Each structure stands twice: as structure tokens, then as C-alpha cells.
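The letters A, B and C name the chains in turn, as written, and every chain counts its residues from 1.
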């Protein structure tokens, strides 16, 4: 399997798992089949669409190939019929989700860099690619977005570190065939450890302590 | 009246009625005059703006002609002063809304096809044109979006069927002067029957039944 | 100090203060450090990004210079550690926020006019630049958006008047070096008086009075 094929398989896996997470939120909220499909699509593709609109690369990648839209449909269908099974596999879904996060924040950063955006901007767009879809999912589902809440394990911070690492590697001309997968694997590992150990980002210094 | 004029009248009617629905939600939530105007504009134009940003056709159609922005202002003004009357005409408003849905999902699909997007992508953007504004309306008004909720009559599914029909007609080179109006009328009729009979999309298979 | 430098200082001040308002909302909601940063960025830059996407000027200004993204990071850091102090300076923050509103609605309108958009459209985009970030802030924080609520002092209406004035000045070829600052100062003063006197926009005529 070539590295290009491997990347494609990983990308579609990431989209599928992000879509599963959207569909499961919709099911937990009691939404109908249309709502399940909408949340699956938005969660899986929203971050990348926002990135591409900002870059000015239209139509966004998600609209250049019908598979990008059909994979969330497949995920929504699986979740619709098999959600009790999927929920029992919850930790497995979270593992794949962490893999998707690592992949998307790295590929999103690299795409922005390749389009000539500056390093800070590219890292921000990389993180947007990874966490934007979940933010939109929570807004539509009327949940406090997981990425801003206190009581969730670290999610954006691994993505930020990964995006920063791949930006530095790009700017210093390190070999990306090594640095990009390494950054993605690092994000995945960081996220998994954060989940297992329930690492959290701090809240603002309280009035009492100030 | 030429078919071009007829289309323009229909389009402005659709925008007006979508704007009325946004203004009525704002009034029911107790928002002020500015909130009524903002919800009217977003509901009427939001779906088409998102479609045009995705296609890359900027500025979006809604910003090419001042009438697109002024018609929701007129609708907001009418609703502001006459909302008890408008609410009594509720079923009439829903009929016009169904007509707007039919029109927008068909014209949105055709615009995406004309810009070279694939059939699945174009149908998705057609549905986005029809239901996107209402989704944004509900997000701003902090209501669970009607398009994802279980306890609302079918809305997106008629639009999906209409977008799919017009896409097939386009790809098979059927005469669009017949197929496009037919698809729009079909969406309108499907939506009206769904309202009268309270058809609903299914929810996910429950744990108990799985 | 040249007028160009003065404009730059004002713009960065506006971004900083808008970001502070986003960070404070996040702190009040108990969000973590990531949530504070996200709300700071979205509040400060969201309105301008939407304007630039609609105009078709990509990447948006906020992504052309790293400072636009770093200033909200600085504001979020200040709010994170010093929020009890910042909150005690609440009226000062509101004053700077009013200055940012005046500046952004004027510069946003002028940018849209310079890109060839019509007068109504440009004024709408100017208002969007001023109030869009706060709207997105409230949607993510799950608050009823301040711009649509009844029980908030006038915010959008000063921006609308300012955007209209600067549009008329532009179209009548009045000297913008005078008219633009005058409009911005007018918006600032109007907003401050509205805050002090608790001016509010009316709600729709109630059923009882109709």
C-alpha cells in the first residue's frame, strides 16, 4: 500500500469516526433520522470546510468528491441501526476519534502552509480542522461545546501542540514524510493519555485566589 | 409575464415568507426590533449565502442586489406591527414557506450543478439552500433546530427528494423548463401533505428494540 | 504619529477589547483556558472574517498578519490571570468596546464599498463587522445573543446609523478623512449615551395593544 493510499484510508477513517460521534450525539438528543444525518455530516466535514473557506480554496475539499459526503451518510446509517453496539464500543470510537484529530490537525496545518499562509495562521487552521466540526456539532445539538467546557479531558491542546510541531518542521525544512506522521501519532498518543488520566486544562484564577 | 419574471416573483415571495418565519420566532422569544430584523435576514438569506460561499461565488447572490436585503426588512416591519394578524394566518404562512422550500432547493441545486459541482454535492447544496436559513435562525434563537428535532413534520426529506429529482433530470438532459418546476411543485405538495398528516422521520432504533 | 499608524493602534485596541469581552464571558461560564482563548479569538475576529468571506477577500484580513491572532491570545492571557481586576474596570472595558464598535462598523463599511459592493450591502457588512463577533461569542457560550435580546442597551442601532452615514459620505464624495472618524466618534458617543441612559430598542407591538 503506497503512503498516498494509506493517507486516503486514514482520512476516510477519520471522517467516518467523526461522523459516528456526531450521529451518536444526535441519537442521545432524540433527534430524527434527518438530524442524525445532519450532525454526522457537520461533525465530520465542518472543520475542513471552514478551513478551506478561510484559505479561499473553493469549493472546499469536502465538496470535490462525493465520497466525503457519502461516508458520513454510511456512518449515520450504521449508528441509526447499531447504536447500542457502537455505544458499547465507546472507547474504541474515542480511540479512532483521537486518530482523526491527529490526522486532521496535521493535514489541515500543512494545507494552509502550502497555500502560503503564515505559521501562526496555519497552526490555527490546523486546529480548526481538528476541532471545528465538533464545535458546530455541539452548537446545533444545543450542548455546551466540549472544546470550551472545563469538565472534559484535553482535546484541543494536543491538536495545538501537533499543529505547532508540524509548522516548525515545515519552516525548518525537516523531512515531512517523517515529521507529519510523527506529529499525528504524537497528537493521538497525547489525547489518549489525557483521556485515560483525565487531564484537564485549567480554569481562570478564581477571585478567591487572586 | 415571462418565466424569468415569474421566477423572480417566486424568489422574492420565498425570501419574504422565510423572513416572516424568522421574525415570528424572534417575536415569540421576546427579542427587540433589531433581533427581529437579524432573524428575518438570517432566515431568508442564510441558506443561499452558505451555498454561494461553498461554491466560491462571491459576493453571494444575496449581496449583489439590495432588494435581497431590503425584502427581509419589509417582512420584519410587517411582522413587527401586524404579528397577531400574521400568526392568525399561520397556515397560510406555512403554505408559502413550503413554496419557498420547493423553489430554493431546486434553484440551489441547479446553481451548484451549473458551477460544475458533482451531483451528490449539488443536491446537498440544494437542500442547504432550502433548510440552512431555518437552522441558523434556530441556533441564534436558542431553539433546538426544527430540522433535527423528532417532533416536527417532514421538512428536509421533501427537499432531499426534490434536489435528487432535479439532479437526475439535469444529468439525463431532461428539459429543465419542465423538470425544475415539476420538482419544486412536488416538494411543495410533499411538504404540505406531510404537515397535514403529521408525517415524521423515524428516530434511531431504540435500545429496547435492538 | 501618522493617521495610518493611529488607525492601526485603534484597530489593535479594538481587537484587544473585543477579545477581553469574549474571554470574560468564557470565564463567567466557567470554561477552561482553551475555551477562554477560543471565545477571545472568535469575538475579536469573527465579524471581520464573515465580512471578508462574503466580499470574497480570502484569506480574510485576520489571517494575513499573525498579530491579529496573537492579540486575542494576549487578551485571553490577561483575562485569565487578572479577571477580577478587569471586571472591576467593567465600565472602562465597555468604553473601549464602544470605541471598537465605532471603528469596526466604519472600516468594515468602507472595505465593502471599496470592493464594489452596493451601499445597502456595504452598510450591512459594516454592522456585521461590528456585531458579528459578539453574536458568535454568545452562540458558542449558549447565551441568548445580546444583539437580539430586549433587555440590553442599544448596540446595533448606533452601528447601523454609523454605517449609513459613512455610506452616504462615500457615495456623495465627502472627504472621508473627516467623515469616517466623525462617524466612528458618533457611533462611540451614541453607544455610550445609550449605555448610561439604558436606551432600548422596542419589542413588537403586543397582542393586547394590537
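By definition in this document, a residue touches a chain if its C-beta (ideal position, glycine included) is under 8 Å from a C-beta of that chain, and two chains touch if they have at least 3 such contacts.
In this text the structure is predicted, and so the values were computed from the model without any measurement.
**Q** How far, in degrees, do you have to turn chain B to put its CA atoms on top of chain C, rounded to the nearest 5?
**A** The superposition gives an angle of 120 degrees.
**Q** Same or different, please, for the chain A to chain B contact, judged on whether over half of the interface numbers appear on both copies.
**A** different
**Q** Give, as an integer number of Å, the spacing between the C-alpha centres of chain B and chain A.
**A** Distance between chain centres, rounded to whole Å: 30 Å.
**Q** Residues touching two or more other chains, restricted to chain A: which are they?
**A** 53, 139, 142
**Q** Using the touch rule from the top, collect the residues of chain A that touch chain B in their complex.
**A** The touching residues are 26-27, 29-36, 38-39, 41, 49, 53, 58-60, 63-66, 69-70, 79-85, 139-142.
**Q** Considering only the defined contacts, which chain C positions touch chain B in the complex?
**A** 53-56, 117-121, 124-125, 135, 139, 142, 144-145, 147-150, 155-157, 200-205, 207, 210
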